[in-house]
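Look at the two complexes coming up: subunit A is in both, with subunit B in one and subunit C in the other.
Up next is the complex of A and B:
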């Protein structure tokens, strides 16, 4: 390992291509923790936003008028405002209004930190889109299928869980795929509220080392690979779920 | 059709090559500035009292005043372009600004990217703004605690690596101050000169600058790499500022106590 680090140090000395996140142990630590922060943030937001999407699509068809109105209000609010504004709003506006807790060193700190707000904000942001994506899937399920289930005595929840949602997911997957890819890319915005994800760490490294070009190229490649892994996984899932003769 | 396209392409390539060859021959930004009639200066807009916005939104402060002196000398108007620590050198490299006076610490690796003018015009060190109730006395007291900072500031690395603080860095000072007041961090690591100015304001009366100042380092104003003529002119201006006591005068005007650096430079050039 030491030889590899040394090689990159020599690369800098000889060519001027400066990759300190490989040869400098402190910068390397920052980059690795930034990478895992991005992965953690992405996975949490992906899971939560899909759950929000499924729950929202269920509530959107609720027989209760006010439930439907609240879900639609939520969608409008989160879909029609920029995610960066939402992050600032949660962190600086809502965050300071919530009760504070005493931390280990006797100070008063807000009950939720930057990471928690990033997860909440980004999940609800992507969740709003997911509700509409699942709705598009649900509307593609033929009425006759639902009527047949009703005739067999299935409850509304049972129909949703076992019949309409599984079919809807298959229809909605390409659109869901798109939105989740966008979500992973949107996690970079969390750097605005000082969540130490990858772009945040890269920004600090290029400021310390004045190697903007190298860091930009590296960032582009890492996100390309990261999102590529997600797309690959989603495509596999799409193929695995495929029902011969349905939707084709 | 294809012929026409190829012809166009050839012309474009030829023009491009010509432009490339022509640039170094007349790369004097001073001529450009005089022709344009405007000197574009990159200054801070969130760094009281060195560069900040007044109630009307105009950028004012010590550094804008210095920039005005340069514009007066050249006989052109001045335009202030707000920059932040993480983009100020790029603005200069890309020619978005002609001159950068933006509280930048003079460092060897920065001299490879922009042309920093000698002598240094100012100096400051690093300290923290923290609530008096914490009673910090040494930098090691910050170990394991969140400390607010500014994205791109060079002392973040030192505070994080050598003193073990968890740096929580924001884009601008307004966010960092808000986070400090909300309790998201125990202190705000920043330039001592700016912290002194903040402490003069009533909303920071429960706060202090408790630690010994570290990294007292000179500030450098910069022009684009290769602009030798402009660099020489700025060098003469800085000597003149020190000699005439202009820097000391501006410190007094903007409510900063005369710093040891400015006093020493004034004495040196007498």
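Up next is the complex of A and C:
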């Protein structure tokens, strides 16, 4: 390992390409923690937003008029306003209204920190799109399937959970895939409320080392890889769930 | 399972549209939203003591400034869309070029900018573009907002490129073959037969992209362009960090974007239905 670090230090001395997050142990630690913060943020938001999408699609078909209206209002509001403003709204406007708790050192701190608000805000943002995606999937399930299930005595919830949703997921996967890729890219917004994710740490490093170019190129590559891994995983899942006889 | 034809599962048929459109907001939904904003500001209003003016007066005082900021957002979005569309159309046509080298390069550029987060690309443009350009003695200054426009037009370019390619690929190959059999050259086929048909298919996703771009313009506040979000922060600072103002002001900004983007979304949906290819 030391030899590699030494090589990058030499690279900097000889060519001026400064990659301190490889050879400098402090910057390396920052970069690694930032990377895992981004991964943690992405995974949490992915899971929560899919859950919101499933729950929203279920509520959207509710027999109660007002439930449907509230869900539709939520979708339209979150789809037509900037995610950054939503994040600020949650973090600054709602966050300051919540009660404060006393931490271990006797100081006052907000009950939910930047990370929690980033997860909540981004999940709701992506969730609004997911509801629509699942809805379009549900529409592809023929009425006769639902009727058959009703005739067999399934409850509305069981029909959704065991019959229509599994079918809808398969139809909705390509669109869901797209939205989740977008979500991973949107996690960079957490930078704005000082969640120490990857872009934030990169910013710290380039502020200390004045190596904006190298850090930017590195950022682009890392996100390229992260999104690539997600797309690869989703494509595998898509293939595993494929219904024989449908699609190419 | 169906023994005669095990490949076809009898549970699923082609997707079909539902009879009624379940997402339809009416004017009163907007009114309800505005009422909600007012309602949540009332407790704040009650808290305001005599020395400070009420939330409503404060909001009314800063409204012109916030609106001016928002108009700047719209200007940024329109400029970035124009640049992105021009560059993206060229890149998209590159993706269907006959030369494999051009095709591969365009594909790579498209994928690269499509897979990078918008904020990272914005930082990219902000920090890597010089503050002024020297072209043979003429100095062209590059102010922050111009760099932001360029930074935002990069992802737009990549997305437009995909829209163009998708539209061209979605046309039945019979169109190409028929045109070729009538002895049109490739350029003629593309400009006179293929692209005119594509415009219809490209319009809805293009408008969708525009609305996404408009919502992304607030990112410019992070890199210091004085658009609506930056101004919001400054307004809050000017009011001396009043916590009762936070909710009403952020709601106002949310509402501004909603009022601008929602009609676009409705129109997109309508056009999508109108232009839907009948199967």
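By our rule, the second predicted complex is superposed on the first by the 245 of 248 C-alpha atoms of A that agree within 3 Å, B and C clash if a C-alpha of one lies under 4 Å from a C-alpha of the other, contacts with A are read in each partner's own complex, and residues count from 1 in each chain.
Here is the rule we go by: a contact is a pair of C-beta atoms (placed from the backbone, for glycine too) under 8 Å apart; a residue touches a chain by one contact, two chains touch by 3 or more.
The structure presented is a predicted model; accordingly, all values stated were derived computationally and were not measured.
Participant: Thinking of the overlay built on chain A, is A:67 touched by subunit B (first), by subunit C (second), by both, or by neither?
Facilitator: A:67 contacts neither subunit B nor subunit C.
Participant: Is it subunit B or subunit C that touches the larger share of residues in subunit A?
Facilitator: C
Participant: Identify the partner contact of A:75: answer first if only subunit B is touched, second if only subunit C is, both if each is, neither if none is.
Facilitator: A:75: touches subunit C, not subunit B.
Participant: Just checking: does A:209 make contact with subunit B only, subunit C only, both, or neither of them? Give me first, second, both or neither.
Facilitator: A:209: touches subunit B, not subunit C.
Participant: Tell me which partner A:114 touches in the superposition: subunit B (first), subunit C (second), both or neither.
Facilitator: In the superposition, A:114 contacts subunit B only.
Participant: One more residue to check, A:92. First (subunit B), second (subunit C), both or neither?
Facilitator: both
Participant: For A:106, is the partner it touches subunit B (first), subunit C (second), both, or none of the two (neither)?
Facilitator: A:106 sits against subunit B, while subunit C stays out of touch.
Participant: With the two complexes superposed on chain A, say which partner A:194 touches: subunit B (first), subunit C (second), both, or neither.
Facilitator: The first partner, subunit B, only.
Participant: Determine, under the contact definition given at the top, whether A:26 touches first (subunit B), second (subunit C), both, or neither.
Facilitator: first
Participant: Could you list which residues of subunit A make contact with subunit B in one structure and with subunit C in the other?
Facilitator: Shared contact residues on subunit A (touching subunit B in one complex, subunit C in the other): 92, 96, 191-192, 203, 206, 212.
Participant: Applying the document's contact rule, which stretches of subunit A touch subunit C when the two form their complex?
Facilitator: 60, 68, 72-73, 75-77, 79-86, 88-89, 92-94, 96-97, 132, 135-136, 139-142, 145, 167, 171, 181, 185-189, 191-192, 199, 203, 206, 212-213, 216, 219-220, 223-224, 227-228, 243-246
Participant: Contact residues on subunit A for subunit B in the complex?
Facilitator: Subunit A residues touching subunit B: 26, 92, 95-96, 100, 105-110, 113-114, 191-194, 200, 203-204, 206-210, 212.
Participant: Can you tell me which positions in subunit B touch subunit A when the two form their complex?
Facilitator: 85-86, 89-90, 109-110, 112-113, 131, 133-134, 145, 148, 151-154, 156-157, 161, 167-171, 175, 178-179, 182-184, 186
Participant: Quick one: in the complex, what on subunit C touches subunit A?
Facilitator: Contact set of subunit C toward subunit A: 6-9, 11-18, 22-23, 25, 29, 32-33, 112, 115-121, 123-124, 127-128, 211, 214-219, 221-222, 229, 232, 243, 246-247, 249-251, 253-254, 257-258, 261-262, 265.
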